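The structure follows.
Residue numbering begins at 1 within each chain, and the chains themselves are lettered A, B, C, D, E, F, G, H, I, J, K and L in the order written.
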């Protein structure tokens, strides 16, 4: 069914613009949730337990916003796409290493991942200022959470 | 780090065999969790709410076993791989349609997905009978849950 | 007591403008809560139970924001008015049919009701941009929730 | 749909009599819930917080029985009507003042409101003694709760 | 032990009359709980999940009153009998079909079952008016719950 | 303050009659709660623990209805009196022995206490049939609970 | 509907064999739940309370597995039958005495009942070893729980 | 049974002294619990609700220590006596007025009651310093709680 | 360590501006939490209990935002400073009186404190409009909560 | 590491004395927890269930204080030793019989065990009066709990 | 209001002495709560997360006793003073460094802070032995908690 | 009582074999719980808190299976023996060092302890394949949990 069965409160142009922003954010966040789980299982080293637990909190954060972003798209009449293939092809998150990883390497990779995501989100906050304040509000909240997580992961590198 | 920092209670041969089984199951279950979420967001039609809720229960089931399967692999000294690319390339789950979907089409797709997964799981239960009873026990439990879900989704087609 | 015993952080003009917006929203939301309960009791037909439950969730959403909107008005020194007569006379929600109703008719009426409310809310979000950002933030949140509900009710018509 | 899709365990005459009693009670209780909320928002003065909280408990009581009364009507095959216009036109609850109100005035108004409601309910308990003991039981319970509330509000006037 | 070790607050005649009423109600309600479970497992068709869940709520209601009725009998010095054979031989509930059942057939069977039970209960409410008001009160409560359930199942046939 | 600050929904004659019934019930139930605690502390013998716990459940039951009975009196404009001296002078509960007590003696004393209380309550249920159905309803509920407790204590004597 | 709307992951022969095992277990467990309730209500004597409570735990255990066994059957495409008549005719549980029962007699009857059930279950664990490991796993778990209960009831006879 | 079935860890002299202290404290606290409930039901006036709630907290405090004091006596081989007659005859708590009471009068009476109790408790803390440190510890804790309650009731008189 | 170990998503100028706003807000809110506790302990007079409880809710509100503001600063690479000396020297909250305080004086002081805080917060909402929307969102939320509290404290002065 | 990495707030002499007291108490309590579990599993006879449950409460009590005692030692710079060999060699608890045990024999053994433990604890309360009031306070609390348990076990022998 | 509206159970001399002890303890504990929060926000380095969480537990401990100490003072008729200026001027806690801090430096500072607090508290335990046993009991409990925390922080330096 | 009062569902030979397996497992697991607590109290060093918490989770795991293993033995008619002396003499767990221990040494000791236990458990899983599938199932579950714990402790050595 390619014609949307859900009407949109936005004009066609705004709907297209906001839809693209939400779809890109959805893919980024699904990828973040998969990467954080991957790290959760493969981390090893002296601070194992602490990192293992903290990574699961990041998974929870990512999954929470995955759902809110997708349902916001649906509410605007835009079909969200979060399938594995879509994520593998269009995610903006940096490549994450395979296999077992030392705690320090995990910290470094997660800090880089979050930095990339935050930069992309801040651009989207600007983009939605003229098109949909409701979507902007959601993106601001995600940015806030990821910046807080970014601090907590960076704090371990000091 | 390609050499495993975790020792295995199994022989090398058994570890390789069981590791392959767990990795394949991990990929299948991650894919199931992504597909069920995809359906959760894109389903439309008269029974929308009921299907929308039931799909989220399937997501929860899939995620629970994703974690147990990956951690069982780690406990055996096998690094689990659950990244988006790996899932996109090696999942045994049938292709799921893009875009908005009618309830009946969702039911049909989920029934087919579960049937494929159960068949693959039953083969793996046999494979692990001689290699690792602990892993077999976990696979039996997953099979049981998916067969119960299969019944409940099928019951709607009657 | 017609002179307000509560001082306002806003100028007199802003207070009057924001007060009118909040009073209008209050009446709309009380009416929504009464209509959703009315439908909750009078719905009949094959999907009865699902609609019956979903309508009660809508009641809960409406009541939550009824309270927040009224208390926001009070916090600004504006006396809120949510009495039956006021609602009957000034609500902007479309007329809802009497008597028992088929599920499809309920869905159609609720979709229309929400569409009308969202349109009115989006206008108020714009109005408050220059007068009170705190109130605007609350209206954005209500809009988001009603647009999500709108999607879920529309999805059943597909 | 004006012909009731729900059969009644009562004779036609009893159903009509009990239905009228329930409809009148429903309207009274919805009005009570709206008035108690109105007072909850508009009360001011030295005992503000205590009255503010106690009024919300009254709202909760009223809403609980609103639902039970309406669903009892439905169970007897009588379509309940709780829309704003119906309440504004047929409620037996005394007029409640607009605008901010001193605590003492609120106490006085609530005591009077409850006294009126109790009197009407006791008459209905008698009316249902020959027609439907199940409905009578529900009305007795509501009477008990409102008489207890009446004592607690009166106690503040001593 | 055929002589009752529990004394009764009732006269012998009243005890015999009330005891018969409670024993008959006990059997009816156990049968209802078994039938609702039977339907819970065997229902199939488009509204499967909703019916499946609603049937389990009916099981819970039935089981709650099974216990209260039996313990009321015991409190009056009457030994309750809820064994399978007793239920099979003396239940007043209509025969329920074997095998898989479509949702519509289930709804029809449950509506008929509840109608039969309510009719029998209303007669017993009358019978106990002169013998034991405590038992009557319990029967009124059960009647209320079953009539509410009856409405909800009937509502799906509209 | 001897003139009641609480108005009564009953006529003066009914208020006096119902007030006397409630005051007598209040005293009986407070005495029951003190006796059950006394037994809770002084019971000894082979079944100590089971009796010790069961007695505390009886305390909880008694205290629950002490409060409801007293507040019902207050709601009718009758000042309840539950002071130690009042209880010592006017309770209708049989004398309870001092000092340590064997389990069997406790069971016997509690069975006798409950039998006496139930007999008095049943008379009061009859008395209130013409004066206040709300109070009657409460007395029926108390009777039911005490008759159930009576069975459970008697069952230990068999 | 006699043809199963649910496909089975098993061959026809295995499905028939496993289906028979599950149906027999279902009937046994429903009967156990009814017998344990019967005893819960009719037990009398010095240890009444302890036995009364322990019997209700047995009811809970039985009901838990009743549901799992029936749903396992459904998941395999076998319609479960748990109606009163079926239980009365095909249960393998020994006859349970009518009327009030002394604690010792209850203990003896429950010990015998559990012994019979365990023997039947152990045979079924063997039967399912070649047909369905998932079902076997469930039967092993039930056996474990009933053997633990058996110990606890036997321990009281020492 | 007048000879204690419970041995005491104390010498006979210490046991007698500590037993007397505990018995006196038990009676005082039961009386406090009855008086606080009496006030809870009979208080009227402008601050009714606040006093009504605060009195129930005092009941809870009193009941908690009633149990601990009685069980401490039992643990020392001293049979505690908390019957209505004992309380009426030996309590050291000042007489509490009958009938409805204004809030101020209640506050005054409770402040006086607590002052008397605290004075008696402080003397008992001294008495137990040489006889039983465990009992002393319990009395210190009760003193602390009552002195805190004393402050909170006094604070309302300022 | 004076060089920040946490990188900032903001430019240096924006970081300095937003950092100053957050630090000032942090100090104000810690001071509010200390003042509310001070009042919680020192309030006396007729409405003591109500004020005592309401002040603790204000402490909870203040502490919640203290933490969020400080962690937002850290997330931006700005070290927050909430030590006693810093609060004593830089808080913008008006001087709060020492010693015991009558309820009316507490209400007056809290109303003044909140008015001062709200005025300062509204200015900061404006300041952050061009520098960091994420921080602005947090400040809007705090303003909303404090304005609601302000209404509730003012309402008692009417 | 034999030199303590934890400094002590006590002098060396006091630390040695208090450390010995805590170590001895630790061993006694671990032994109590193992013995109570041993009895929990091996008890048989008519009161089985009651004793079985009561023994588990004793396990919980013992384990709670095991942890508090060991952590108190650590806080004083004394390394606690709770290994099986240490317990087997230095516990002051009387020998507990092997194999299945009748309820009466269990009661007798537990009463004797608790009597021995209480005697030892009371001596330690005296010893710590001059060395560490904090430790004394903990020992007083343990004594109180064990004396209460002692009463409850003795009460069954009466 | 400088004259205390709360009477004291202590003599004037004892009240002054105990009041000074409580006021000093109050200030120390408020300062501890602010310092622990300061560290919670500013800590960085390899064990960041673990320290971040452990610091928040210390905040909770400190806040719990802040309230109990202040309310004990009030109960004795002494007005507690916990304002920022008072804390800044009279706290006995060592100066805590500004700005970001490495984990090791935080551990060292917290260990020193707790050592200083424990030393001061132990002196106060001695001081209150002759003046108020109730206050002494509270100080002993605080000492116990801080010594346990001290061990846990020191354990990280080994 | 050396003759078992509990009958066994197994033959004498199987009962002896399975009994020996369960007794050995019981002793191993009790020892594990004591060792993990010992480490919980004596661990020191940089990662103290994380190790301290993780050790307590291991205690919980061990205690859970201690109970299940002992109760399985009892259910088979085998008296379990978990006394300190038995554990000290027959445990297969390696010697654990006395006194304070650095985190790394704790990790190493726990990894070795778990490795030894897992090896012994896997042998027992094989032994029970022909004797008791129910026991085997329990041992498989324990093995799974300990292998997962083994991974998590090993991961810290990488």
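Convention: contacts are C-beta pairs under 8 Å (C-beta built on N, C-alpha and C of every residue); 3 or more make two chains touch, one makes a residue touch a chain.
Heads up on the chains, UniProt names are A, B, C, D, E, F, G, H, I, J, K, L = DNA starvation/stationary phase protection protein.
It should be emphasised that the depicted structure is a prediction, and the values quoted were computed from it without experimental measurement.
Novice: What chains do chain E and chain J have as common neighbours?
Specialist: Where chain E and chain J share a partner, that partner set is F, G.
Novice: Compare the two sides of the chain J and chain L interface and say whether they are made mostly of the same residue numbers, over half shared, or of different ones.
Specialist: Mostly same residues: over half of the interface numbers shared.
Novice: When the CA atoms of chain F are placed over those of chain J, what is the turn angle between 0 and 180 degrees, to the nearest 5?
Specialist: Answer in degrees: 120, to the nearest 5.
Novice: Matching C-I on over half of contact pairs, by residue number: which of D-F, J-L or F-J?
Specialist: Going through D-F, J-L or F-J one by one, only D-F repeats the C-I interface.
Novice: Which chain pair shares more contacting C-beta pairs: A-K, or D-F?
Specialist: Between D-F and A-K, contacts are more numerous in D-F.
Novice: Measuring centre to centre with CA averages, how many angstrom lie between chain H and chain L?
Specialist: Centres of chain H and chain L (C-alpha means) sit 50 Å apart.
Novice: Chain E to chain K: how many Å between their CA centres?
Specialist: Comparing mean C-alpha positions, chain K is 63 Å from chain E.
Novice: Between chain C and chain G, tell me the centre distance in angstrom, where each centre is the average of that chain's C-alpha atoms.
Specialist: Here chain C and chain G have centroids separated by 53 Å.
Novice: So which stretches of chain A touch two or more other chains?
Specialist: 1, 5-6, 44, 47, 50, 71, 74, 100, 102, 137, 155, 158 - these are the residues of chain A that touch more than one other chain.
Novice: So which chains end up touching which?
Specialist: Chain-chain contacts present: A-B, A-C, A-I, A-K, A-L, B-C, B-E, B-G, B-L, C-D, C-E, C-I, D-E, D-F, D-H, D-I, E-F, E-G, F-G, F-H, F-J, G-J, G-L, H-I, H-J, H-K, I-K, J-K, J-L, K-L.
Novice: What residues of chain F sit close enough to touch chain J in their complex?
Specialist: Per the touch definition, chain F meets chain J at residues 43-50, 52, 100, 102.
Novice: In the complex, go through chain A and note every residue touching chain K.
Specialist: Touching chain K from chain A are residues 47, 50, 53-54, 152, 155-156, 158.
Novice: In the complex formed with chain A, which residues of chain I make contact?
Specialist: Where chain I meets chain A, its residues are 1, 5-7, 9, 71-72, 74-77, 133-134, 137-138.
Novice: Applying the document's contact rule, which stretches of chain A touch chain I when the two form their complex?
Specialist: Of all residues in chain A, those touching chain I are 115, 118-119, 122, 125, 137, 140-141, 143-144, 147-148, 150-151, 154-155, 157-158.
Novice: Would you mind writing out the residues of chain L in touch with chain J in their complex?
Specialist: 1-2, 4-6, 30-31, 34-35, 37-38, 41-42, 44, 66-67, 70-71, 73-74, 79-85, 87-89, 91, 96, 98-102
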